[in-house]
């Protein structure tokens, strides 16, 4: 991202990995595992918002419905966690394809509303389908041994399992963003008509990105099932779609680290504000408003900008990773 | 008795009428959304919260000031509309030169704050609001018992929709609004205060939501989350109607109410998703919506 | 970390083995965690009021057992099962909480049941409605205190048929909770000699019940039963009044209605409603005295049945610890099952093998505005439903702890 960090990237990465590896010795591992699940979810979401400039308001459908299916597969069919995760990916991607085919024709606000409405349909299905057990949710999902061999019963081992899934997921996002495919996505974000005039079938690229993002969200959802051993309606509700938007924007969209930081902040907030009633909702709303008005680059984006300014005081304008919103064409007009 | 697909005709008539009444709420709410969207290019996610505020202001006025239903029908939209004006002036205004998605996100945050605050103060179980005495009871239509209040709801919302439509299509103010929607810079060049026009439009759209809230107070539970479920359905209605279209918002509001009513007769379990299914079909067949201008 | 846990577990096991005489209270404190929805649908009927009820139980016990202090902590699970599970785990692992109390919302309650069962800690549930807590998800350390869907459905169903309301029509919220409420009530209605003339599944959540009410109106039923709760119930009832249902001679039965629902709807809309409740604050001298003390500290609001249930459950739990001198989860619950429950909440209540606290339920009718003497004076008690008739028979329980 930033040149200065780029040079030390290996060092930072190693430091980060070490921190993640020793973290559960200091912080409660189940909580950390939850943070990682949401961080992966937000990273998948950011692939769409930050790098393609599409705001989906229906990602809870992929996350939550994949969670149900993953839970069902491992609880009722007795399959191992690897199958739960694969099911999660497949369900997320499948739903993503269906959503994408309908929604991708619309941009900007329309896209947001269409995904929201479609996700609401998934919510109703989740509420009524017998296998989800309505408001009881799927409870007591077993943590079966990984590949039939490796025990993931204890809190610590489930943490490292989730960490591995998280790293793989984030690596996929990273590779996608830094591939030629990712470059095309960014060019769509910057100027879609130009991308079209260069001969790219932008709808197809957007659809692929959407399916990828949905599949990874499904992975995050089914991983969360293994951590909490339950799947419930919370994860398919539209409020969850709002939460993942909040995580991404708060952390900084269009950055690799942003969604992860955002997820950590939001999840901690829910956990530690749990003592003060409806304040959680109000605080979340206030953060939304403040972010949109004052810190559109998010925590990571603002920090990066600050660093850039300090290092190169004269050349402060040269930011590479512009937040999607400021660069994307006005969707209301271009349709 | 004449049957239609196994359902007695009188029952069907009754359900159609009820659907139309529900459609009245959709129409008033989606009309407000469409107005705001037309001029500000913002999807007002807080619309459901303003609807809730309308009902709550009516309840508060009744509870603490002894102001009854009829004055509240005027007063609550004014109060909430004024609140909307303040929000437009202080917050939304800062976002106009950015991507419109930020408007969506800001109003989403606002909705959380407003609903959260009311939940904190008034809890969630809802407040009692009685039917106005003059509208209690009902009329026997032969095929159904129609409560007077429902009849009033449909008349009031039709009048409101028609009046709004007339203002926009037939008055000078409306002409200016339409012009400002098309080309704000040009209208500004003619010496029109576009910024004021925008503020007033937002205030009016919000007031419409509050009006629907007051209409809803006697028959629906007055609680802080009463708007949050409704708003998603209304979004779908607006998408089906075609985003910028005033007429589309009104017509599709009523029409979808009827569709939903029919589903309740033939397949009640599906009535919560029928609007979203219609939306998906419309988007596939006619991406710009039924009344929307195509790209 | 794991070593520490094994050591701890071993410690617990050995104390359990050592028996009551040598057992002692772990970590020198009895910690009670009230885990509830403080801002959502359960906030008014349980929420902060439940925390207060737990505090009052501790205060009335003297604040300590012998020399061991008793602490109450609380948290908001925001109606999210994963947060509930997380908080419960963290409380037990890190904060040394001995008992998790209340837990409204079925999904959250079942999640907490899993965690507490796994860790051998106590779960005293008052607010959740699901019968799963004492059936397929029962736990040797879980007790379900106040009510469940079976008791409510059964109580109201049977009582109304006995009063001559034979033909029933259901308006059911279309999800598992509504279905089980309808199913249980139908069974009770048929067993008592009534019949079900129709039912309709309304989507959940739902604003407008008019079309369902119209169908119910035309069905010729004596009773229209709402198998829903919360905002849906409020909407359905308001609209039933608007459509003149009760004026035309049909009765309305709410299957899961709390005192706070009646308070928020007002007597004008709710009068005449027949309800089954686990407890009513004005049922006798003891309950009134306790409710007065509660209201004084809760902004004048009278306690609901689940808040009273929290008080009763916590008090009983403390008594059991006092009796055996240990706070080992399994041992305490076993002791709780030995002792009858006798307090302002229940007379001769008994906790069964499946964890169900069996006590008399009450069939009540909502007063008319003229009968009521003021705010919170809402119910007149029609009859007591003996515990053995109110709750699911132990022989029908699918709980593995019940010897077949």
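Which chain is which? They are A, B and C, in the order written, and residues in each are numbered from 1.
Basically, a contact is a pair of C-beta atoms (placed from the backbone, for glycine too) under 8 Å apart; a residue touches a chain by one contact, two chains touch by 3 or more.
This structure is a prediction, so every number in the text was calculated from the model and none was measured.
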- Item | Of B-C and A-B, pair with higher C-beta contact tally | A-B
- Note on the structure: Most remote chain w.r.t. Subunit A, using mean C-alpha positions, is C
- Query: Which whole number of Å gives the spacing of the CA centres of subunit B and subunit C?
  - Reply: 38
- Message: Centroid of subunit A to centroid of subunit B, CA atoms only: how many Å?
- Response: 32
- Query: Among the residues of subunit A, which are close enough to touch at least two other chains?
  - Reply: 124, 128, 277-281
- Going by residue number, subunit C touches two or more other chains at 39, 43, 174, 203-204
- Message: Where in subunit B do residues touch at least two different other chains?
- Response: 116, 119-120, 269, 272
- Task: Name, in rising order, each residue of subunit C that touches subunit A in their complex.
- Result: 1-2, 38-39, 43, 47-48, 74-83, 85-87, 89-90, 93-94, 105-107, 110-111, 113-114, 130, 132, 137, 174-177, 179, 203-204
- Touching residues (chain side subunit A, partner subunit B) in the complex: 55, 102-103, 105-106, 108-110, 112-114, 116-118, 120-121, 124-125, 128, 238, 242, 245, 249, 277-282, 284-289, 291-293, 296, 324-326, 328, 330-333, 335
- Note on the structure: Counting only contacts in the complex, subunit C reaches subunit B at residues 39-41, 43-45, 174, 200-208, 210-212, 214-215, 217-218, 230-231, 234-235, 238-239, 241-244, 260-261, 263-266, 268-269
- Enumerate the contact residues on subunit B facing subunit C in the complex. 11, 14-15, 18-19, 21-22, 116, 119-120, 123-128, 130-131, 136-138, 144-145, 147, 149-150, 218-221, 223, 225-226, 229-230, 261, 264-265, 268-269, 271-272
- Residue numbers on subunit A that touch subunit C, as the complex places them: 24-25, 28-31, 34, 124, 127-128, 133-137, 139-140, 154-156, 224, 228-230, 232-235, 270-271, 274-281
